[in-house]
Amino acid sequence: MNDSGYEGRQDEIRDWKTPAIDTFANIYPDNDYEILMTIPEFTCICPKTGLPDFAVLRLTYVPNEHCIELKSFKEYTLAFRSKGIFHENVVNKVLDDLVSAIKPRKLTLQGIFNLRGGIQTTVERSYQADNS
Amino acid sequence: MNDSGYEGRQDEIRDWKTPAIDTFANIYPDNDYEILMTIPEFTCICPKTGLPDFAVLRLTYVPNEHCIELKSFKEYTLAFRSKGIFHENVVNKVLDDLVSAIKPRKLTLQGIFNLRGGIQTTVERSYQADNS
Amino acid sequence: MNDSGYEGRQDEIRDWKTPAIDTFANIYPDNDYEILMTIPEFTCICPKTGLPDFAVLRLTYVPNEHCIELKSFKEYTLAFRSKGIFHENVVNKVLDDLVSAIKPRKLTLQGIFNLRGGIQTTVERSYQADNS
Amino acid sequence: MNDSGYEGRQDEIRDWKTPAIDTFANIYPDNDYEILMTIPEFTCICPKTGLPDFAVLRLTYVPNEHCIELKSFKEYTLAFRSKGIFHENVVNKVLDDLVSAIKPRKLTLQGIFNLRGGIQTTVERSYQADNS
Amino acid sequence: MNDSGYEGRQDEIRDWKTPAIDTFANIYPDNDYEILMTIPEFTCICPKTGLPDFAVLRLTYVPNEHCIELKSFKEYTLAFRSKGIFHENVVNKVLDDLVSAIKPRKLTLQGIFNLRGGIQTTVERSYQADNS
Amino acid sequence: MNDSGYEGRQDEIRDWKTPAIDTFANIYPDNDYEILMTIPEFTCICPKTGLPDFAVLRLTYVPNEHCIELKSFKEYTLAFRSKGIFHENVVNKVLDDLVSAIKPRKLTLQGIFNLRGGIQTTVERSYQADNS
Amino acid sequence: MNDSGYEGRQDEIRDWKTPAIDTFANIYPDNDYEILMTIPEFTCICPKTGLPDFAVLRLTYVPNEHCIELKSFKEYTLAFRSKGIFHENVVNKVLDDLVSAIKPRKLTLQGIFNLRGGIQTTVERSYQADNS
Amino acid sequence: MNDSGYEGRQDEIRDWKTPAIDTFANIYPDNDYEILMTIPEFTCICPKTGLPDFAVLRLTYVPNEHCIELKSFKEYTLAFRSKGIFHENVVNKVLDDLVSAIKPRKLTLQGIFNLRGGIQTTVERSYQADNS
Amino acid sequence: MNDSGYEGRQDEIRDWKTPAIDTFANIYPDNDYEILMTIPEFTCICPKTGLPDFAVLRLTYVPNEHCIELKSFKEYTLAFRSKGIFHENVVNKVLDDLVSAIKPRKLTLQGIFNLRGGIQTTVERSYQADNS
Amino acid sequence: MNDSGYEGRQDEIRDWKTPAIDTFANIYPDNDYEILMTIPEFTCICPKTGLPDFAVLRLTYVPNEHCIELKSFKEYTLAFRSKGIFHENVVNKVLDDLVSAIKPRKLTLQGIFNLRGGIQTTVERSYQADNS
């Protein structure tokens, strides 16, 4: 029940400086509307084996003052290409960065990871602004 | 978290003069009924790259005094063929123009955009008249 | 927002004398039961272009004293083959004629029209008798 | 709105003497359980054209004291093979005969008829015993 | 409405001595959990024609003190291979025997019988223990 | 209704020492999020016949302080490769070991076993922490 | 074995003056290439019943000096909307008119007609220029 | 049989100066291998109506000394976005430009155009180098 | 027709030192048999944009004295993760390396690349030993 | 091109004494007929990692004097459950053992192995008797 050695601790992930996600002004903040993005080419590194992992990310959100700029978000995801990080932390880190960047009214992120060691893993977390 | 440069500001979109959408009188306003239109050939220009974007628009509405005239609406969408505009703003702008033109009882618009930079984006907004 | 010229006004449609729809006596009026009809070969004329339009009609109803006679209803639809009429009015006109002919307890009519100018349109309206 | 001539009146259908449907004793009447029968080979005659009609009947019921004997019910349906009868009346007549024969707790009958004159028709009626 | 002759009476089915169904101790009775078994190879004899019937049985239950031993249950079903029994009685008899053997918290049994005389029949019954 | 001989008693399963399941610290315990794992290559031994059994395990959980380390969990499942154990006990044992290892907020485990003796069996159990 | 009355004789069809099919110059006559057109909305009149028939036409050809102008060909097909003509004659007449209009190197025409009286009919004819 | 007016003559298309298609050296010219490209977002203008046309282009080739540079080919296709050109000429023009640019051993181009006036059109042409 | 600048020349690719592909002795060389490998997680870098490309590789071969060792081949493909290389060269380079490593009797390699700039590309090459 | 170390040599596999495969006399040797067996639960050990591999075996053969006895063949495959053996050798070894046991007229064996390291492998070999 004790967590294992160095690879079991990824505390630094929460403080890892990822590239900024550019935004653009939501010029229709007086309305609620929903944006769904599917990113089928996400890849990162397994911190235990050093081998690549692959996933599809699915993002849904209701913007407030800002929207995610697509090209910048694509470039943001490139920072994970050489990063050792657990599946669970990918979803939490990307969600936290997106919430910081655009302070949405609502946001859900799902990471669907390819089979590793014969096991398929999917991770999902949702965020809701307090005043929504 | 600051929005990026000129391409991040599209305030002029809300004031952009689009072609009028012709309507015809709803000769059955004494009944609620639903109209669904699917427009699979929508195209506009990405304001960041200047390259074409492609989408399917899906529109559902309950008319009040006026219906959307199909051919005129088709021609209205041609104005976007050479317009630099973000996905999110396409859906909001078209919805606002439709609501102005026909003052419907209810209306939902969905824009399903083709993959760009490996990312698929869908945007959806709904409108409901106050007295519905 | 003003409706366009002559083709935008089809007030005469509500008064257009369509062929009678024959009925037969519902000999089981003491029960509620449901009838679904699918008419895949409906065709009429576009009032703007004079070109043919094509649709599938889907009808569901609960009869009261009368049922729709199938062959007569088929012949009734032939009157639309050379009639200039908007999609929306097709559904409303046929529904009104059916309600007059059989005074059903409930009736829903859906018209699914073929692509025109790259746009697919579906129209749906429901009727419920007051005492149902 | 007046019903058409002789073919529009089928009052005699309610009094038509159909073959008896054999039953067997439900030896588990102390329990509610459900029986579903699908009869894909039903055929009768169109009273307007004299041509054969084809349908699938779907029957669901909860028995009380009696169950439908399968072979006898198959033979019962043969009586319709040369009978001129409207789609709607098929469903009502068979349902009434079944309810008389087994007095079920609940019963639903659906008739799904093949395309005629380019039109597909489905008819459905349900029965519930008073003390259920 | 009178039940037909000898083949219509199967009262002896309720008293028929079927083989015992072996069980094993549920070593996790402190938890509710669900077991689903699908038996695609059930066969018995039609009491009217003497010909074989085939069915899929689907069983779902929440065990209390005992679980059904798979191999023994398989052997139990062999007793029906030469037994003249109606579809409805198969489901009721097997359910009663299972409830006697394992006294479950909940149990549902469904029998899906192959087409006979052009008719498909499905029978379903559920059991719930009083103190569940 | 009496449980059968030695093979019917697997009391020792609850005390069987399985390999430890490594965990890693959940560095986002301040959020509820869901993890789904599908393990399609589970195999164990039937205690009655000594022959191999095969199953797909499906696990869903909301972590508290710890997450399951994928590679270690894969290795944990290898201990069942030569273990005689009933289907029902597989699901209960693995669930108990997972709950001990990570003390999750919620966890559901489903075992979908391959056909044996012509019978397919699925077992499912859920756990919820008291303070969730 | 004698042909039936007037409706069995359609000799006038070969002399029927159909609208001209516009063409445009094939500016690549130095190459063989293939053009496939699918016309899903063809409709004409059955000469026996006076009721509408519906078909899909499929046309494949290798042009020589001229290509079929799409819009004009669409309008050409409208002449059949009120014409009494057998399925077989539709395919032969349209093929003859196309060959006259564009003198192609090769041309095949297929007419796939909707079910009538429970019978589906498909008619196909091919043409090859002498010097091809 | 005479070609229609100005819109029927597109002789200038063969001389139209389209943007250069960049190539890169095939560094494996000592082998035959096949490249398939699918371009689902092709759009041009109908020379009769001035309205947009849409198509999927499918290209297959065996390179000789040069390969098509993907991004440059994408940009090349943008020149058709505002060009009035018939479906048949699109396929011939693009094929000629590709053959000039890369002098392939073999090349086939197919243009699959969206429904216009209820008619779907596909055009296909193949090229083979003399010394292949 | 001139190849473009530096990114258009990838001559060094033929001399690029890729990691060795381990093999194991084919202990059944006295028989022809076929091995099919699907590698769904291939990724490299576009030499024009510096952005990642993604592909599925499909390999089929008949071994002679040696077989491809799976784990080593997986590691070999990792060398492409940070390599700027055109789609066409990926397929040729990997094929050449595989042929050097195992000198197969026959081998076919297909690279199915993800959409870039709205274009999907597939490249395929086959090899056959002289004495096969 | 040199085969790797100990794990690369599996010469002993050809001499490995596997359990006998029982046969029964083909009492219809005067006819050619085909037998297809699918074994979805094959498992062995990877000689490089010591971890389990999983496969579906598909066997098709035309018997001569002997047929494969099903239960004995199932038990034969159990010998691979703890054997370190490459995918390619599994197919060759099983095929050789089957050919020795039954001397068939024709036999094809396919091994479809589960994804390992992100790579799916399928191996297929065919045998034909000389005098067939």
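When the chains are written out, they are named A, B, C, D, E, F, G, H, I and J in that same order, and each has its own residue count from 1.
Operating definition for what follows: a contact is a pair of C-beta atoms (placed from the backbone, for glycine too) under 8 Å apart; a residue touches a chain by one contact, two chains touch by 3 or more.
This is a predicted model, so every value here is computed, not measured.
Novice: In this assembly, which chains make contact with chain B and also with chain G?
Specialist: The shared contacts of chain B and chain G, listed by label, come to C, H.
Novice: Once the Cα atoms of chain C and chain D are superposed, what angle does the rotation have, between 0 and 180 degrees and to the nearest 5?
Specialist: 60
Novice: Once you find the CA centre of chain A and the CA centre of chain G, what distance in Å lies between them?
Specialist: About 58 Å separates the centre of chain A from that of chain G.
Novice: Suppose each chain is reduced to the average of its Cα coordinates; what separation in Å results between chain E and chain J?
Specialist: About 40 Å, centre to centre.
Novice: Mind checking the centre-to-centre distance between chain A and chain C? Centres are C-alpha means, answer in whole Å.
Specialist: Whole-Å distance between the two chain centres: 51.
Novice: Counting only residues that touch at least 2 other chains, which ones in chain D make the list?
Specialist: 118
Novice: Enumerate the contact residues on chain A facing chain J in the complex.
Specialist: Answer in residue numbers: 51, 54, 114-115, 118.
Novice: In their complex, what parts of chain H are in touch with chain I?
Specialist: 22-28, 31-41, 63, 66-67, 69-74, 100-103
Novice: Provide the residue numbers of chain D that touch chain C in the complex, in ascending order.
Specialist: The contact residues of chain D facing chain C are 1-4, 7-11, 13-14, 48-49, 86-89, 91-92, 116-126.
Novice: Using the touch rule from the top, collect the residues of chain A that touch chain I in their complex.
Specialist: Per the stated touch rule, the residues are 40-41, 43, 51-52, 54, 78, 81, 114.
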